[in-house]
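Note that chain A is present in both complexes that follow, paired respectively with chain B and with chain C.
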Partner chain A sequence: MENFSNFLTMREELSLVVLIVFLLLYDLIAGKRGMRYFQPVAIGLLALHTLITLIPRAEVSAFGGMYTHLPMAGVVKSILNLATLIIFLQAKELFSSSKQRQRRGEYYFLTLVTLLGMYFMVSSGHFLLFFIGLEMASIPLSTLVAMDRRCKKSAEAGAKYILLAAFSSGILLFGISYLYGTTGTLYFADMPPLISANALQIMGFVFFSAGLFFKLSFVPFHLWAGDVYEGAPTNVTSYLSVVSKGAAAFALVVLLFKVFGNLIVQWQGILYAIIILTITVGNLFAIRQDNMKRFLAFSSISQAGYIALGMMGGTALGMNMLVYYLFVYLFSNLAAFGVVISIENKTGKLNISDYNGLYSTNPKLSIVMMLAMFSLGGIPPFAGFFSKFFIFSAAVEQGFYVLVLIAALNTVISLYYYLKVVKAMFLNHSDNPIPTLRTEGYNRVSLVLCTVGILVTGIVSLFVESISAFGFGVQ
Partner chain B sequence: MEYTLLILLLPMLSFLGIGLMGRKLSHRAAGITGTLVLTVVTLLSYLTALDYFTTQKVNGAWQAIQPYNITWLNVGERLHIDLGILLDPISVMMLVVISTVSFMVHIYSLGYMKGEKGFQRYYSFLSLFTFSMMGLVLSTNIFQMYIFWELVGVSSYLLIGFYYTKPEAVAASKKAFIVTRFADLFFLIGILLLSFFTQTFDFEAIMGGDGSILSSALGTTFLGASALTWAMALIFIGAAGKSAMFPLHIWLPDAMEGPTPVSALIHAATMVVAGVFLVARLFPIYIGFTPEVLQGIAYVGAFTALFSAIIAVVQTDIKRVLAFSTISQIGFMMVALGVSTSMKLTPEDHGGLGYMASMFHLFTHAMFKSLLFLGAGSIIHAIHSNDMKDMGGLRKHMPITHVTFLIACLAIAGIPPLSGFVSKDEIVTAAYQFSTGMGIWMTVTAGFTAFYMFRLYFRIFWGKEYRGEVKPKESPRSMTYPLIFLALITLLGGFIPFGQFVTADGVPYTIQLNSTVAIISVVVALVGIGLATLLYRKEEKRASWLPSRSSGLYKAAYNRFYIDEAYLFVTKKIIFNNISRPLAWFDRHVIDGAMNGLAWITNRASDAIKGFQSGSLQWYAWVFLLGTLLITLFAILL
Partner chain C sequence: MGEIIVNTAGAIPLTAYLIVGLIMFFAGIYGFFARKNLIMILISVELVLNAVDINFAAFNRYLFPDQMEGMFYALFVIAIAACETAVAIAIIINVYRKFGNTEVDNIQQMKE
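Then we have the complex of A and B:
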């Protein structure tokens, strides 16, 4: 019986499983009438579930160390929940056509299953559980990417995603096998003392991390991002760019700090190069995009580089600021996606040039978009400025001056393209602007939430302070 | 003195109020609300000045006080960010300057902007700007200052681009924002460096005490200079961006596309001197620890002053003449700070003379330059043109504008006993103390100043008879009263015993004029004015003497020495062509091409997966694998 009580330590996961099973049954049993309430039911239950994850609890480990709950992982799970909640709020119009409506249940179900996979990624204490979590997070995701059956691009993106994800899993497993071969264990807790910087272990480590770099779309593992982000339904794109990326970033930082502390010289060197490449390449490509989704894809590639700055130092401050960055990034990016979704669903228009003169017809949407761009670009006093500033100072504290200088120079470049969108909406004139449209009710709630987030999470110190209670450095 | 908090809150509320009400408010209501709030703010600022300068002298020196300070954010264990209000002689002086000019501009705009579309927006932005600028000068710590610094930049951006249907205005606002943001980046790095070594953002904590905090930063060196030197130099780059020092001055002339009262407020009197204020705020660090940076500031200022004075000589747009004149005058203030050699200012030790002179000139310049801009606005309002070629003989039509403009011209040219004479004379004296070369350089610059100002004056008000289509008439009272008020300050400002209030170490000092320097200055000014009179008083024939005689230099100066072109060359030709284009080409031809090529081949081979770019996938996987292998190799070699 002892092992069954072990299940109870997986509180967040259990609660999510219950939620998933309930929605699955509801989808089967509910008639046409019941389906109409599917979205509010899903949102309401997810909100309830978020409240459960918000309750803090101490570090605990179960199943002989297979599963480890870190207090910071609790914070990250809540952040992922919040992001998923906002994405669900924005999801209604995804199913506007009658054919799509039938598959409403699948969308929520599959999304929540990937979320469960991410939970296991951030809370595992063993490489196999970690791998299962990773697969659980990527295979259903490829189905989601291919969800839009009418659209060839979507199918193509789904195929690309599943093939490359499989490829990256292969590489990751290959890395794990090296680690196992040289240390004889797969438990996170047992491995650190057995790791020394010999070539086989380094190779195992790099191959393993490459799988996560893929999820984080670090350069040169980013090539899939542009095509997949563009092809996927916009809701799924935002999920990929915020939730999937956030989970992978946190999983990576935990592994680097807890398991690969002995390889700090190596991973600092690797990250140094990757951060520069990721931020710069992401920026340079984002400059020349006209499609909003591709544009946000490359912008989020470069944002991933900034997120990785928090890992560089190997300090608790760095981890805190990484999580805070994810938290702020959620609001800014989802605000931008919310506006894109609203416009795409009503008009089908997706290009930056279509946004010309948007302010004259849709002032509220334009202002939300402007705030999102300002926050992503790091203009004070919006939240994005603070998260950038803090993550820079975490890296500066450890002496990475040149790296931070390059990253800071890149913020100027990024300002150019973020302002390009603002300019299109406010300053460019269009003879045929997007007509005044009425954003769907739930989506409006999500935009209000994001706007409040952008305005408040930076200035009010409560958020950064409460996150800062949980971080830890290289052990 | 807790009521100083209202100085910040009221404009903020007015911004929110007018901004949120928007078009629901009538033009009249918006204008009057904004102006009334500013009246109260101005009175409060004067009250603060009175209160401060009557009570805060301890042991014969002015003390800095913090009537209000809260901890806002805790970063790390020791570092925290505060929000508060710092009162000391320079912040109190800035309060007076900002509120006075802003108040005048609020009144003036009631007439100037009458009937403009977006009148409410205009007044809400003015309030936002006033709020940000006040916040900047009252900041207790460098981080708070940085936040307001950016807010000032944003409100300036909004106001320059006020006529957003005009492409030039939009381009100018963008240029101003990007150039100053670029400079702010260095400022931010400087702040980070400084706070990293001192573990605090607070001005008093950094500069107070025995300076041991700062000495530690001197020990760490990077590329041959100490970390502190780097930090202070980077911070100065930020200051140079806002204050339009060469080579970051290019945004200011273009910023003249904004409404003219805005130019008077932001681009003459307040925002552009924020850089000078910043250097003055950190003056103890500059003088005590990094005198080499301070000297650099002097040289940058001196070069900018003469350089832009030369450009001003040949501009034909009256607002651009004033813009270059502003750049040149800020150069004077920077020089004055840069040539200081100590904090002390006593009859025996004149090391701190430059600091006092700089602040004094900041004060007088704010008054007469905003007067000049408002005068120019009055002219533009009357004849609907910015170009000198459309002007001439306006003195008969606009007597009040004419007289007030003349007073300001005399002041900036340095004719005693007007305010500009006294403050500029102190700067030139300080420059001579530093080195004779610097003194002569600044005297020559002052001569140029007199010449271009009177060229402007004569070409507007004298010369040929006015032959335009619009019949010019004197502007309404809402516009002429501010002119008269500012003219009075310009006339009498020189008699303010400024040294009693503002000195580097807070100890009062009685200003003494150096008679030799004063005589030289006046003679040079008179020569400049005389030359301008000769060339431009009567007809235009003689005026063409200058372009014909020195055509190469004239053309270069007319085109502002091609600095903008140089920037365009670097960005468009070098960066775009050599980095972005090849990258785009690489992406389009090599990457896309490879993918398309592969896809084409695969399509041929297999019709079953037609339409799928399966070729590109192989490429993606290939890059993935190659990247992994390269990183492995790299990590093993580490």
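Then we have the complex of A and C:
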């Protein structure tokens, strides 16, 4: 037990810590010339680190059960890495002004620290490590949201995010305190047999899950999302909507399955209502948006509802499909954000009405955006169709016919606003469309990666099969 | 840790601590929604986190006095709440520089 070799079981975390420290020192030591290579170095090292996390390994637990590595968590960590890698590729023009450029190192450093927090959150075996991971993920994120010093909106969004993050973790902790009072333990492994669904435990669970639902922006708890997503720098918005959401969703599903298995009747009831609300309200609000970032924010709220469909059944299939959904969602959403970032940086335009006639001037960008919208909307043969189909079938298998029917109807509603963007680009005419622009080199690589992901991950069954090897149901 | 507290006539029962915690928690939630100043909202959040500390310490002392898990959890909550406050204050100062005050009603750059 009292042996430092325990640290070696945290392979992914160790490798990420080495990466973070290296980049921090690089930022400190490198002069102006050295900083020019900062982004390629960060991307290359993160790619290397992703390869390390990809090597599968068996379930281990360290520090007396405080840290547990599940094989599925390894898959999720790789997915988060891939998303962060794509976001780093898109980050170059975040620092277009020279004053911003001096703070380039901070962006990468803070982003990777939040990623480390998500790692801890995903593979914790104790509520303490879970909480520390959660805070490690949300406190630096709030500074990232407030990073754009020139912009009033960014400051406002940062204040909203940090206050809501603190408030939601307060609610979450209050729930944990009741769970501790009724069971006497905080280890994930020891708690399940002691949970007997008495009133205080249900109350504790409701507070706990409400805190997590805030992070996931499920519907009664979603009010911060629109403002924060709009105000944050666009790169950070894409990080919030893909990586942060994905990690919280997986942490929630692990907790529901591993710790709260005895409360399955209660949490299915809660999730049932939350899923319907999240998908419907997210969709209805997305219809009215004209700002592209706000539009994608509400679209990602409704996507979170679909992600939660995977948790409903409490089966291994549901968990597999949830992770697969995250994997596909990463490519679709980041493709859309890549195009938005490219256009915003060159012209400063962010509204859907500005995109009128985009196809006549920028055909390639329009096609990438179209693929992203088709995939988010779930049109075959793109990957988004398969992920939605699988997640529906996982829920139908457990008999949630009405729920799946409502979700499927909402897919039709969502097609309306996704296609609205496509219509603006291809059919609408504009007297002064966005001029032909040249996307920055790294961003172009990211768009190619995302396009390949959208086209390939659905049709090639390798991905869904290799994810399916690791899931587990309610224990 | 000390011996198990038997609820004799003079001792304060566990429920008393829990009720104090509960009142603090909901006072914090009320403040979070009702206050119009960012600093006051932050103080309300701190109230919520302190209610959690009371709960953990009371549960640990009364129900599980032979181990220290709850106490340590409370310590970690205090430490992390301090980090959160530091960052929040920094961000609120940033807001103050941009907007000239910290009243919620004036900080509305984004509509809806």
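Please note the rule applied: the second predicted complex is superposed on the first by the 473 of 475 C-alpha atoms of A that agree within 3 Å, B and C clash if a C-alpha of one lies under 4 Å from a C-alpha of the other, contacts with A are read in each partner's own complex, and residues count from 1 in each chain.
Convention: contacts are C-beta pairs under 8 Å (C-beta built on N, C-alpha and C of every residue); 3 or more make two chains touch, one makes a residue touch a chain.
Source: prediction; values computed, not measured.
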Partner chain in contact with A:Phe221 - chain B first, chain C second, else both or neither: first
Partner chain(s) touched by A:Val396 [first = chain B, second = chain C, both, neither]: first
Touched partner set for A:Ile367, first chain B, second chain C, both or neither: neither
Partner chain in contact with A:Gly184 - chain B first, chain C second, else both or neither: second
Partner chain in contact with A:Ile202 - chain B first, chain C second, else both or neither: first
Touched partner set for A:Ile413, first chain B, second chain C, both or neither: neither
Contacts of A:Glu230 with chain B and chain C, given as first, second, both or neither: second
Touched partner set for A:Val17, first chain B, second chain C, both or neither: neither
Partner touching more residues of chain A, whether chain B or chain C: B
Touched partner set for A:Glu156, first chain B, second chain C, both or neither: both
Chain C-contacting residues of chain A that also contact chain B: 152, 156, 159, 163, 167, 171, 227
Chain A-touching residues of chain C, taken from the complex the two chains share: 21, 25, 28, 32, 38, 41-42, 45, 48-49, 51-52, 55-56, 59, 63-64, 69-70, 72-73, 76-77, 80-81, 83-84, 87-88, 90-92, 94-95, 97-99, 107-110, 112
Residues of chain B defined as touching chain A within the complex: 72-76, 146-147, 150-151, 154, 161, 164-165, 170, 174, 178, 181-182, 185, 188-189, 192, 196, 222, 579-580, 583-584, 587, 611-613, 616-617, 619-621, 623-628, 631-632, 634-636, 638
Chain A - residues contacting chain C, complex: 127-128, 131-132, 135, 139, 142-143, 146, 149, 152-153, 155-159, 162-163, 165-167, 169-171, 173-174, 176-178, 180-181, 184-186, 226-227, 230-231
In the complex, chain A residues that touch chain B: 152, 156, 159-160, 163-164, 167-168, 171, 199, 202-203, 205-207, 210, 214, 220-221, 223-224, 227, 263, 265-267, 269-270, 273-274, 284-285, 287-288, 317, 379-381, 386, 389-390, 392-393, 396-397, 401, 404-405, 408-409, 411-412, 415-416, 419, 423, 426-427, 429, 461, 464-465
